[in-house]
């Protein structure tokens, strides 16, 4: 089976990661690539692609996508994404949206982002956390691809939901590489600012906190006090999330993880603390856990651009097309 | 007033930082430098010192130190330190020990390190957290210079002790640059292993946790559940500590900090999250705090080799000699 | 066609890169992996391989290799390599040696390395610069896989040999990432030493200079004064070589390169200066050239562990087995 | 003696380095700081200065500078600099200009930069290479502070001028940290672009080549073929320049250097290859040289923001005011 797919917003970091994965995908053809302006040769934007892949980006045209593609990946800023998703869905194209536009309930979205202009499709969007919502994803027309921080957090936390106290404050201390801040340059992403540096940003106020909270509630666990503090790190890609929760049951943390993910190829339970370099370049989520009295410490690591964005998006698309989620998922890290 | 001082263990990272500070000290003369072997020219070990300072390290000889020096800085591994401190004190030399040997009560020391061979002086040792124990330090003969993690943690936490719950678990998520691991090379400090990487190490088991716990108790606050997780970061120097505690009183965190440290030149309360680059190369401890419901988040940054070791050691020595603690303290960070 | 291959010395950086390539090779089976000690689980040495590949390294046994394998890759230090290559060849196993042992004529080898213990096979060894010696490689039993610096230098320089002056000094100013120094840790590869640093090492005396000189002579061009200065850089992988030569003919440098490599998929001639990030993770060698008066400047970039070692080794093995050199060659860089 | 000085363009990297040096200067008072907009608090621009130095930048006003200051440092882009320098000089203020505006003869300046609007003062400007033009600098009203690349190159090359061939092409392969590209952010200085990367930029065309050529001619040595290739490196500060020249005389390179700079405190001749970390944070220029046949290799290292800009500027100002050049020059590197 062969499907034509589009990457809308191909010029950004998650766009190029989609391209890199799709180039080797046995069932998906890169049939349409676009940017807001159009006209850029992708191998000029990313010279590493010279001799590997050449394509002159089109100016995004939903009609043209609908004429040629079965599914579109939207690697766009929030707000732009729903403006493209809506007509695509109406024209029968399946959509994996990498932005925040379909991740939250209307009231949460509008409280933390902006006015929502596609409430109709918002209702049917499935949250694309692959291991957790496999069945729903297989039937979905529209996937809200999870944020990088929520992915690393939820995959680590969900196995423990039955065992942790709801009323005790949950701490999520997250550390992200600079690629998570996107391709646009600013004082914060200037080499001189972040090299040899680390700092928290938007502590306790980052929009990914509400995404985590809402998804936990959806799974039947209301955690009342979620404290989420992201940090920016001097490394290009990779994300490490340290979670601290209070146990209400005496469990063996590694056993809980190993049981929960026994059949999941791309979740690795580690018996030593995880590191980001072992997952960078892959779809793996590595998780380690340990307890100290009743305090549970979980450490999870992902590649923010892959499992935290583009490889998870392709895994979702695989499921939507009736394929195995693991097809084309990168497994071999960029070590040493 | 001029005093002769010794640096014992001058070849390591904290040793050379001591030298760099003492070179510009108006009241201390670098009268004696030694290493375990002896014989190395310090400017061969650190070519950056060529043309600045030349000295052939002696083989440590306590008698010789006592003959020439008023005070000795011990930049030695634990266990070695007390073997040198003991005879020095007996010979009337004041000692600032940068190791862990005099930081803990006997039972804690022996539980986490090794057998203690100088229990007598252990009893009189003063914990050299400058802003907190100024009076005791001024009268002390023996200073236990605090560890880097405890320094960044305690300075951030102490102002809040009256306001935080004792029975709620305290989370200390710490991030350290590689120089904290010392000059000896290992797979962990190999450039290829830590560049583009981050990982927790000794989570919940690091020996600095007991130092934090004991010192909080000393200040009259027993915190029952201290969870301390250090991480190693791809940067040379600097340390960021994120602390999460539960408030039992409704306070304004920044106001608490500003009041507590109103007269302290080297503690800066920041109204934005702190970063390590702003303190690297200085004696400053920068602290930021914010609350979210009852959860208190504190972020503190220090230079692990200066405020976390060598500049704090010199500040202690200043006080021990009746000088102002701030003399020779480095203030200007290595930015940009 | 399926062939069984061995990786001898699997625990080092080039060993694990061989494994990563061979895991996806459609015609080679990883049948035998060994180390000098034996007994290590490869996914303990490289936790990134957990869930991808598991193998308990054997203690190298040439008889066992000969019983099971058609070809062996030797990722060993020089001297060790020939001790293993010799019996393997005698037992009929083809060998790709990644060390220096078979790269040089006897007198050069013994002048720059050590006494040679396998002069017999040395005579038949083919220098595995894939694009240049394709025919010889296809017939070879023993390949001397080129060094990283010579690979980047020779591929850049060979197209210009007819046009450059022999008696004018040739300058090769090379810059290498730290992985080129190998897995063993030392003060030089300590993160604290090389981060935020750069320096020349072994200037004008590095052993790769004689390899470059000898290979140019083999191609009929004696260059009398080769000046080779390698530098160590604060990055993990990648190598940039800047070459300065004197032209004796008026040429268009980019045209010369484009003509020479017109049919080579893995040599990319760039119209802008090359960068290492565009080749890191791939088998590509990117080359740029420009002239200024009669001075020719060539800049070439490779991944030191792939094109400079392991992917070139596999390309050689492909040819030796009658396969297309490009099979399993990594093309997609680890950008962004 | 006390002098009031101004820093015009205080917000950039060289501006803040000037401030850091001047804060500790025993004879200069930071009397006036300005930016093009004015209004910024300097410790908001550089939070590391909080608690160290506070100043609200003025909007540059030459009249006001002339009323309050004896000397002004101009840390401005070229073209802007001469627009400020001209009226300042006319009003009797001495000027150290860190831009390129007064570095070149008119025809060279206009060929490589833009039209010159202050030809009159251009004629009297002294090139501020401290060790070489001490006498002229002492009498000067206007100093053209040398560029970073020319500083590292000329200091290394000048001692060898009597011994190198004029007609043989001279190679200057330079490597600079990212701070050399300034504070403005761009794709090139984005952390993700330059981390784990290195590349040449403007090879053979960089404007610093003409500065080197012209200054060598001024010293009586016409070198016909200067080939200058700068590279951008993944480190914040520091610059390493590798120079390759042809000797016409049989000399001992280290002896030549040691003789030439026998009385210069801030030029260190090293017997091992130099590294940038040993000079970062200081005014030192470290130089090493070696020959290979007739080819001379010189390696020199400076801090691009200090010796390559701001500390050299202050050394010039010291001389202009009749002070010792070494006053307030930073000597202690930011090692480890």
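The chains carry the letters A, B, C and D, assigned in the order they are written, with residues numbered from 1 in each.
The rule we apply is simple: a contact is a pair of C-beta atoms (placed from the backbone, for glycine too) under 8 Å apart; a residue touches a chain by one contact, two chains touch by 3 or more.
Since the model is a prediction, treat every value here as computed from it, not as a measurement.
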item: Chain labels contacting chain C and also chain D; value: A, B
item: A-B compared against A-D, more contacting pairs; value: A-B
item: Between chain B and chain D, centroid-to-centroid distance (C-alpha), Å; value: 37
item: Inter-chain centre distance, chain A versus chain D - centres from mean C-alpha coordinates, in Å; value: 46
item: Length of the line joining the C-alpha centres of chain A and chain B, rounded to whole Å; value: 40
item: Residue list for chain D, restricted to those that touch at least two other chains; value: 13, 179, 183, 192, 195-196, 234-237, 275, 277, 336
item: Complex contacts: residues of chain C adjacent to chain B; value: 13, 178-179, 183, 185-187, 189-192, 194-196, 234-236
item: Contact footprint of chain A on chain B as seen in their complex; value: 168-169, 171, 173, 175, 192-193, 195-201, 203-204, 225, 227, 229, 231, 233-238, 240, 242, 244, 246, 273-277, 280, 288, 290, 292-295, 297, 299, 301, 336
item: Complex interface listing, chain D residues touching chain B; value: 13, 16, 20, 23-24, 46-48, 50-52, 179, 183, 196, 236-237, 265, 268, 270, 272, 275, 277-279, 281-282, 284, 305, 331-336
